[in-house]
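Both complexes below contain subunit A, partnered by subunit B and then by subunit C.
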Partner chain A sequence: MASSLGGVAAPAEGRSGDARVGRIRISLWIVVALGVVLPLLAAPALTENLSFSFYLMLWIILCTSFNLVAGFTGYMPFGYVAFYGVGAYATGVLHKTYGLPMPGALVCAALAGAAVSLLLAPTLRLKGVYFGIVSLALAVIFRLVVSMLPEDITGGSMGLILARANDPQTTYYVTVAVLAACLAAAGWLAFSRTGVALRAVRDDADAAAIVGIDVTRTRLKAWVLAATFPAVVGGLEAWYTNAIDPEASFNILVTAKVIVYSMAGGLGTLLGPVLGAGALYGIDHLIWQKFPVLNLMFLGIIIMVMILVFPRGLVGSFAQRFPLLRRYIP
Partner chain B sequence: MLKQLRNAALAAAAALAFTAPGADAADDKIRIGMTVSSAGNFALASQSGVRGVEIWVDEVNKAGGLEVGGRKLPVELVKLDDRSDKQMTARVYETLITDEKVDLLFAPFGSTLTAAAATATERLDKFLVIWSAAADTLYDQGFKNIVSATQMPVSRMPVASLDLAKELGTKKVAIVYVDEPFPAGLATGAEAAAKERGLEVVLMERYPKGAKDFSLILQKARASGADVFFPTSYEGDLISMVRQMRQMNINFPYTFMVYASTPQFQAIGEDGDYIYSHTNFHPTINWEVNAGLNREQFVEAYDRLFPKAEYPADFQTVLAYGAGAIAGEIIEKAGSTDAAVLKQAALDLSGELTVLAGPYKIDETGKQLAMPFPVVQLQPEKGMVTVWPSEVAVAEPIFPIPAWTDR
Partner chain C sequence: MLRVTDLTKTFGGLKALGGVSLHIPEKRVLGLLGMNGSGKTTLLNCINGLYEPSSGDIQLQGTSLLGLPTHKIAARGVGRTFQVPKLFPRMTLLENLAAPFTTGDASDAEVYERSAEWLNRVELYRLRHNYAEELSGGQQKLVELARMMVAQPKLVLLDEPFAGVNPSLALLIIRLIEAMPERDGCSVLLVSHDLTSVYQLSHNIVVLHEGRVLAEGGAAEIRSNPDVIEAYLGA
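Presenting the complex of A and B:
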């Protein structure tokens, strides 16, 4: 859907034009990233309600990293929550059962996410919906494996309670740092040669291979990066709420929300997932607070309307309306 | 395209029109925050519980409110939806405290969500009344402001039934459980409770989920010489076990099955006779209450307030209602809604109160030590009757259970 976005400039402008457009796009992305990170950094000084901002960051990170694989490589991992759950459990088990301090546990969660992504790398050979189905099945398998591990390690279906690590303020600031890292990593991936290669591979893998792009390696970079951040986020969320169980950590809703938020914003651009996550999460929060009982129904209607009105996502529809501005969109 | 943009603007405007409520703290009432799960796995249990709390709120307000500092203050229940989602739970509780300015809170359903809620209430220093979190680990996390008003932890659930077993003079216990957390927790609790009471645990047998043939396990239990048979699995497995016990003519003087008190189990008919079980809500369970409504008044209030409720009151409703009645006493005793003062009042009242759900007693961590589920027995003539403890017993236990061949 987004294959024409963020593409190269019109041939007539030549190399210097390309470079100028590239610089503008990078600058715009830096402005957007700062515009997201700085207010969130200041939020704890303004309100005691950290949760709203915390989960906003969580969704922006998840959607941005999801976009690296779904938007930039064209794979649709329906089992994306697996990375999140593995991260949550790595953090919880290492901290609670093996007494590792939280920062160490989070680093291990990131490594666990990367390890799982490498383990699943062979599934990248599958294409389209087949990849999606296998990915979904793998998420279910991971959940079962976790629930079947010995209870004195994972706490079984009751899960683990980590309240002794309870420190929401610190969790919050660590999450801000992870958000900044995620936006930076996504920017690096999008604007680097790897980013160009990724889009080339997405649009036509055979052609990309012919011009000398290492297709497997390029995909793998995006795939591992896209798996590492959700694993860290899973760990951060475990730390923030101090409770994990297989049900909550491998909740299919996490994947569903990530897909809906990212698509509402527009996959394939850096801006889209950030905008989509922010907009839908914000709307969700407003109606949830206003309508304790019917909020899910209203949310469903709003999502339907949004997809009908902006079938290419907010950013995609904007680009379609103003084609001249398209190439400046990060 | 313009039309599309206009539509979009309308949609956005509609969304923005739902502005966040700017609730202010009102001094002339006590605001109590609570979550309700509109959807998801916990929806039924959560809504059952909320109805219990609503009965308490109705009762308090009809009486003019709670007496705090010489004034009668009505109670207002502020609810937000957690969708059975742990992430939402954290947001619900922070929003209730920081935006809705509630004075104290009732916990969500289940241990995971309660742990997430407690994280928020501890940070923002509010009192949290628990009615459904049974994980023992919740109470050794160092949470200062939590009190389980009515829900005893899993480890204590087998206590009443083993007290009765001991009283009846049994000596050897065979425990059988399916490999799932709740049954496993009950089994571990039963093992510890049996040993505490000087009973010998002669069999502690786990089997995988999905097992249908229990003949080997039943023979093992018989061979162990146990006079107490204590399986802690769910209804389906228990029904299979009873049928196979009959086929194989396996008898135990005392068989206790946690879920034998459910209508689903009792649908098996006379094969279920004489089996012991437990519950906290039954026409024959009537505690001598000194706080809140008794069982009859409670049932009347439920029918009056929820004539269209899909389900009748159940043990969740009773636990949540009881938690409300106890919270009311705690607030009046404390004369304040400060978390530390409330916690102290909760400790001071420990051992003093009996509500619909039973007697109330907590330790320093807020863990519930009393609220036993009374033991019932399925007696052929009388149906399900309460046989233990003596405060609520209405019939003598039939012991030993007659052998299959003598029925």
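Presenting the complex of A and C:
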């Protein structure tokens, strides 16, 4: 059958089948996103202790947005916590020092995260471990700068107490909304042509340029989006705990956990970081309750076993084991 | 179509191209021969913007390509394949062929139709959901060719398209290159050490030697040129 383009057209059954695969993949992601968001939305009606659900949402947002830059473009920003810290401080300072209401402060935190990502955009020229090390160094520099700013603005090394902002219920529902927005943004990016361009750049930047992709601009889109959500998360946590300080806000352990959770689930897929964050944060929480002294040791052992058994993460290993099903995995 | 004028490219003290000039008319195949290190791939890298030439000019349809980044040169209709295929290994074949459409306004249906058409032409449609890394080297060459052609380029730069390819796949690649000028409407710059194929496919041939044009002409002229015989073909 000749196509309108003068070539050899795809068999009709192949065409419709492939279109169906695309629809199933998008539908599955919508189901997953609703399956995550709706129970978390209902949680306040079921329990008074919202802390677990709240932090679970934070980790899912952090891992999902981290995946945009690490899984889709191949960068490994070891200093990812810088965006989180900048967001926390933007929120805290604007609320406490300048009296901005929390929702407005959170919007400014998002803008601050985006602004910092643009400031750091030149580091995207670096590759591999060099990029990772520079981003880590920048996170340390940010922490030092924040510590040394005038105490009447940032609270110096002691940080700020945001007692007037205390409203855990509202914070929780805003976090649910941010989670929904993050999952929607990630889905939009992954299923759009930008998502194809991002993965092309990740696999081979020269080849991507050869086929007409603007590599710099494509990386920048993912970088800015990946920086905005952790900044909001930093602000949300400041709002929830009513306290910020440089050590906690720029703690490298945040980046480490984001990397481990995301990799355990499987970078490069939408499902992987959600699954990884859910599973490992759940395990982390359980271990912490049972073994408060030895929790990090047990968590480390579990992570090592997971990496050995599932080197490509839970989702990646499943896709490798069942290649016929992988086309349906969002 | 493509006019290269007095092009030079130096790497430190090494002069890889020492004033190369050549011309490819519309819908013509220009074969480019030369020993290893003669500057063939460097010339291709200069044309599609991977290298910045030291001096000289490169014009496509009368407009200079100098200073344009690679993706803008691609947008002007210059396609490229590599001696070692540069695919997107962790993407499916359909996704590989969709990559050139991430900019532009082709509809999803059109992208699919054109990708499927080209996967059919390289006889790999059945593997469309496979990752590129799962293919053999020869199949990867075919996918790279299809990915380049799906964007309907005006000029294609083929770097050793027959290297490491078995005879049946080489025959398919020859058929595809033969069809490029008339059926696909593009000009071709063909770099290959496979002399038989270059003689068969090229309307004109340029021989590079140590970064300079040693000879230019039809297949018969090149075969009998004493300088070419001495420098490249052997006694």
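Miscellaneous remarks
We adopt the following convention: the second predicted complex is superposed on the first by the 312 of 330 C-alpha atoms of A that agree within 3 Å, B and C clash if a C-alpha of one lies under 4 Å from a C-alpha of the other, contacts with A are read in each partner's own complex, and residues count from 1 in each chain.
Rule of thumb we're sticking to: a contact is a pair of C-beta atoms (placed from the backbone, for glycine too) under 8 Å apart; a residue touches a chain by one contact, two chains touch by 3 or more.
Please read all numbers here as calculations on a predicted model, not as lab measurements.
By the document's definition of touching, of the two partners only subunit C reaches A:Asp18; subunit B does not.
When the shared chain is aligned, no partner comes close enough to touch A:Thr269: not subunit B, not subunit C.
When the two complexes are overlaid on their common chain A, residue A:Thr154 makes contact with neither subunit B nor subunit C. When the two structures are aligned on the shared chain, A:Arg327 is found in touch with subunit C, with no touch to subunit B. In the superposed model, A:Thr255 makes contact with neither subunit B nor subunit C. Comparing subunit B with subunit C, the partner in contact with more residues of subunit A is B. Of the two partner chains placed by superposition, only subunit C is touched by A:Asp204; subunit B is not.
Look at A:Thr47: by the touch rule set out above, it reaches subunit B but stays clear of subunit C. Residue ranges of subunit B in contact with subunit A, taken from their complex: 1, 4-5, 7-8, 11, 15-16, 18-21, 36, 38-39, 41, 79-81, 83, 85-91, 94-95, 97-99, 111-113, 115-116, 118-120, 122-124, 135, 137-138, 141-143, 180-182, 184-185. Those residues of subunit A that touch subunit C in the shared complex are 3-11, 14-15, 18-19, 21, 193-194, 196-197, 199-200, 202-204, 206-215, 268, 327.
Contact residues of subunit C toward subunit A in the complex are 48-50, 69-71, 74-75, 79-80, 86-92, 94-95, 98-104, 112-114, 116-121, 125, 128-129, 147-148, 151, 183. Of all the residues in subunit A, the ones that touch subunit B in their complex are 47-52, 54-55, 58, 151, 155-161, 163-164, 166, 168, 237, 240-245, 247-248, 251, 253, 283, 285-293, 295-296, 298, 302, 305-306, 309-310, 317, 321.
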